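Shown below is the structure under consideration.
Should a chain be cited, it is by its letter among A, B and C, assigned in written order, with residues numbered from 1 in that chain.
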């Protein structure tokens, strides 16, 4: 069994962004030289997520608008008594789940035809990280 | 370490369906001859999911009604400007998460007493796939 | 490759609780003697979840209040025709996802600075279990 670890770093211009990272993950899989296994891609923060979705900007706007409706920015969260103002970003992380686990077959990500990988930032404008952990043979 | 890969194919009669796949996953685990490890069961599409829940049809209706309330079918999603009409199915996939990772102990799925595995279709009536990736010893 | 399995048991005083389990998971990783790999932490029930979030009690109250709003306790779920009264807990489990997969690097959980692990009980006051499955080298 082999293991491979890589960290991706993000510092978004906007508070909320959806960033395509499919190529970075494909590159990590190639670097790992692992042929059969799984690739965990997980946010190391509580206010951003990694998702698998469609590379279509209209859908990305739908996703962000929908998340804002279900987990809205508000002043009066309990969490904000600590001085924070990002409780909505924690809820958006919970709703979308922090991570995905991707299969690797014949040395490549074994994704469906429209599946692409995205980093979803809900409280950006500061340095944040994603871990890529690959195990297999 | 060993690895095992299998693809399940679905083509549902209805646009939305919840289909029990526990037996198919148990069969894949048996075929893999892996005794200790994990089993990733993941939708290869952006409009369906794999979940672990109760095999109770009333609850399945509750789940579908609840998803429709939180991520409703609507005409006016941005994504629909591309000609698609399934943005709600993308949001339902995000809400339920595309995948589960199941533990394997002593050659069997190590699930709780009521845990069963389901394929949740939110935009069916066409051929779609689920990947089963098992790694372990 | 090595594999390690452990079960954690919970019996909460209240119907709903968020319980920090970071130390138990760190202990399991140490016991496994696995240096590089992944650690699956998954509820064995359909009405509780394992999440990664902030160890801040105000945020935990925000999370529970938010879940109650999106997946409310109600009498009239279909599932309740079976005699159950916990359909809302099933929906809360779906929303938060039953499990997390944690990376292990250099023999330790490779988490971000504020990431802590929690068991989220949505229908407690009875014995429930979480499985910890670690694989790696």
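The working rule: contacts are C-beta pairs under 8 Å (C-beta built on N, C-alpha and C of every residue); 3 or more make two chains touch, one makes a residue touch a chain.
The model shown is predicted, which means the values in this text are computed figures rather than measured ones.
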item: Neighbouring chains common to chain A and chain B, by label; value: C
item: Chain C against chain B, contact positions shared by both copies (same if over half, else different); value: different
item: Whole-Å gap between the CA centroids of chain B and chain C; value: 20
item: Residues within chain C bordering two or more other chains; value: 1, 38, 70, 95, 97, 101, 135
item: Chain B residues touching chain C - in the complex, by the definition given at the top; value: 1, 36-38, 51-54, 56, 58-59, 61-63, 66, 70, 95-97, 100-103, 105, 110-115, 135-137
item: Contact footprint of chain B on chain C as seen in their complex; value: 1, 3, 5, 38, 40, 42-46, 70-71, 77-82, 87, 90-91, 93-95, 97-99, 101, 129, 131, 133, 135
